[in-house]
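For clarity, chains are labelled A, B, C and D in written order, and residue numbers in each chain start from 1.
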Amino acid sequence: MLDKNGIAKRIAKEVKDGMYVNLGIGIPTLVANFIPKGFNVELQSENGILGMGPFPYEGEEDPDLINAGKQTVTLLPGASIFDSAMSFGMIRAQKVDLTILGAMEVSEKGDIANWKIPGRMVKGMGGAMDLVAAAKHIIVAMQHVNKAGESKLLPECTLPLTGVRCVRKIVTELAVLDITPHGFKLLERAPGVTVEEIKKATAGKLVIEGEIPEMVID
Amino acid sequence: MLDKNGIAKRIAKEVKDGMYVNLGIGIPTLVANFIPKGFNVELQSENGILGMGPFPYEGEEDPDLINAGKQTVTLLPGASIFDSAMSFGMIRAQKVDLTILGAMEVSEKGDIANWKIPGRMVKGMGGAMDLVAAAKHIIVAMQHVNKAGESKLLPECTLPLTGVRCVRKIVTELAVLDITPHGFKLLERAPGVTVEEIKKATAGKLVIEGEIPEMVID
Amino acid sequence: MNKVVANAGEAIKGIRDNMTLMVGGFGLCGIPENCIAALVKSGVKGITCISNNAGVDDFGLGLLLQTRQIRKMISSYVGENAEFERQMLSGELEVELIPQGTLATRCLASGYGMPAIFTPAGVGTEIANGKEVRNFNGKDYLMEYAFEADFAMVKAWKGDPAGNLIYRDTARNFNPLMAMAGKITVAEVEELVKPGELDPNQVHTPGIFVHRIFRGEKYEKRIEQRTVRKHS
Amino acid sequence: MNKVVANAGEAIKGIRDNMTLMVGGFGLCGIPENCIAALVKSGVKGITCISNNAGVDDFGLGLLLQTRQIRKMISSYVGENAEFERQMLSGELEVELIPQGTLATRCLASGYGMPAIFTPAGVGTEIANGKEVRNFNGKDYLMEYAFEADFAMVKAWKGDPAGNLIYRDTARNFNPLMAMAGKITVAEVEELVKPGELDPNQVHTPGIFVHRIFRGEKYEKRIEQRTVRKHS
């Protein structure tokens, strides 16, 4: 079973040299820590940054320089700044190669729900609907089951949708799965996790073909 | 009867303090010379300038700084540069207060033809179709009759249109006219020109109410 | 052109009850602090406010929520503050949530004189309810309308009397877009420079979009999430 | 990111016969001189060229017309050259004329992932033939589609290895728009600087839109209409 950093580490392996990547809040943010040193990867933040760097050193925070999670950040050499229309423009035009975000639920068709729980205070979708509707390639970082032990990988989402048929890959504490026309296709098991455990934790259609390898994350 | 500079001078009287103005090629360009000194008027050039200044002094021409007529120009203090999408954006959004351009024909409904003569080499509409379709206020600077002595103020345009029902005011060598729901309304006569001469030179419906004053241009 | 006004109070003159106002900024970054303070002082009520976020309890648009001057918020992400939540749940405050890119592009559309745009954001979700869906090249898009506000209030780093604006880092965000979408656009700047001091090539918002400009005072520029790393 | 290629020849690799190419510039201002020269040398034929103008007889796109490499021009204003006129009248060259703002906005739409836009330009004229007309708030608009090119070739003043571009004065024109609309975008620059030397706030075209970049040589920058005034 993976912890948050483990999920982030595994997702980092999907990041290729030369990619432009947008990282959502939470686990996706951690992915930045595990991108191989030699790689030229530029992080996009939808409030208007390409070439986002790490957090500033203490005392060097600049209120005019934040990421989409409203955290103080820095710029790397070669960075650029633009307005929100151009930012979502480059997302919509699929210039951003990879979007990594969290989810409350994902359906076997690739629908995603991550913005609203009926009856609870709704904070809004922010840029999530734009990202999922437009991104070239979407990886979801999420917990396989909720705190009540119920699967979050479902035949159909029960929560209001953020986007339809858009997720391509999911990395959870238990497994790596692709969305295929036949449902969730199990690709890898987390260290120490059995196929049986993944089956039990997956409510949607699960495709298991042949031997499922344990993932290698270091 | 006005010469080109006379037409430009008369049109300059329509320019108000604080206006953003786009000047077409030909007579409209001359209007800039007659805008009162104290006025704050900014000239827009649709290739991407606000705050366009006069031609450069000899030896100071810059190939990177031209107007929409491809002439070398200068920038005034407070100028700004932008791309062609923003330029036509501000035109389309009617941020430009006044557009002054030439025409081959204008109809009594305010249609304008100024880009194409069938059978002749067609050079294109450039920005004219965007300007006439979107401008807040359009003044046409033109000759009342063509070289063959035929009126260019017509019931209907005979040439392919640049825009429909968009012209508001016309200044010719003979007269100042407004486009009204009833046709060309004669407002002023050029010095020494009679109403009769204007009638003869106008093929479209001409509205003449009361005494028509001679224009004052200095 | 000289669009300089003395202060925020002058700048917001003409804002009346029940108007629609755009307010630039992302979170607390790049918000027009002086205009917001002047609005609080003015006491105008029934505001429909278009802004990506709604501030925090005691800063930004939160100040106008405290005084109940806002009737409706149109935003992409809200509720970093308790008073907002209380008013929303009690029904005092109406809230319309819009995808962030849609919000940005609807402002751009207005500034560029385009009555509507197409975006895939929200297709197949409740956001699409009642909206026209149109397929281009096998992909569905929603048609979303341009929006305009009675007043847009933006914050820039530098400006000149002609209304030209330059923003600094991510304080740019929605500001240049909303600057284009106000029937009247008010800009507050940290530095008001003389005509000719801004490089024409570096201007982000050409002055034609701006109607009033003033130098703002005492910028607090509060940081919402101070995240730092240690020297290693 | 390092997108630097050695020269124009490298930069246009992959351009084949019958491709659609966008070429930045307005008149002879801000045109990618080195890319055009390399295209002439390459001998590729049957080009559909999207560019606001078509150059003059012996410079700019005129060079590609002389060699009959262009099959079709999509422009707003053409014919400052005799060879163009001859080819057009003889039917060798196809010409599609588009309003200038429509041309610019169709490029923008592509870069912003919007499949179509609405513009009033051309309503009621022959340009509207076969196009969808739609009324918004009492005004008619044409729906015009985004366009994309196999390659876009642009010219900037300064650039860095990440592909960030800064343009100078009106040499900006269509360049940033076409830079966004190329499946592959090639940028030639007068100065290629090190990463970090460009102010991120001043970048006009973020590098994400640019695939290849090189320092151009021997810019002629010919002036089409030299207009001057006398010292008084």
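Quick note on the criterion: a contact is a pair of C-beta atoms (placed from the backbone, for glycine too) under 8 Å apart; a residue touches a chain by one contact, two chains touch by 3 or more.
What you see is a predicted model; the values in this text were computed from it and never measured.
Shared contact partners of chain B and chain C are D. Most remote chain with respect to chain B, judged by CA-atom centres, is A. The chain pair with more C-beta contacts between its two chains, of A-D and B-D, is B-D. Look at where the CA atoms of chain A average out and do the same for chain D: the two points lie 37 Å apart. If you average the CA atoms of chain C and of chain D, the two centres end up 33 Å from each other. The distance from the centre of chain B to the centre of chain D, each centre being the mean of the chain's C-alpha atoms, comes to 28 Å.
Between chain A and chain B, the centres computed from C-alpha atoms are 56 Å apart.
Shown for chain C are the residues in touch with two or more other chains, namely 105, 112-114, 119-120, 168-169, 172, 200-201.
Residues of chain B found to touch two or more other chains are 75, 81-82, 85, 88-89, 91-92, 134. In this structure, the chains touch in the following pairs: A-C, A-D, B-C, B-D, C-D. By the touch rule above, chain D contacts chain B in their complex via residues 26-30, 52, 75-79, 85, 88-89, 97, 99-105, 107-108, 119-127, 157, 168-177, 204, 221-231.
Of all the residues in chain B, the ones that touch chain C in their complex are 18, 20, 40, 42, 44, 50-51, 75, 77-82, 85-86, 88-96, 134. By the touch criterion stated above, chain C contacts chain B in their complex at residues 1-2, 110-114, 160-162, 164, 180, 194-196, 198, 200-201, 203, 206-209. Only residues 45-49, 54-67, 69-73, 75, 81-85, 87-89, 91-92, 111, 121-130, 133-134, 160-165 of chain B touch chain D when the two sit together in their complex. Listing the residues of chain C that touch chain D in their complex gives 105, 112-120, 136-137, 139, 141, 145, 166-169, 172, 200-202.
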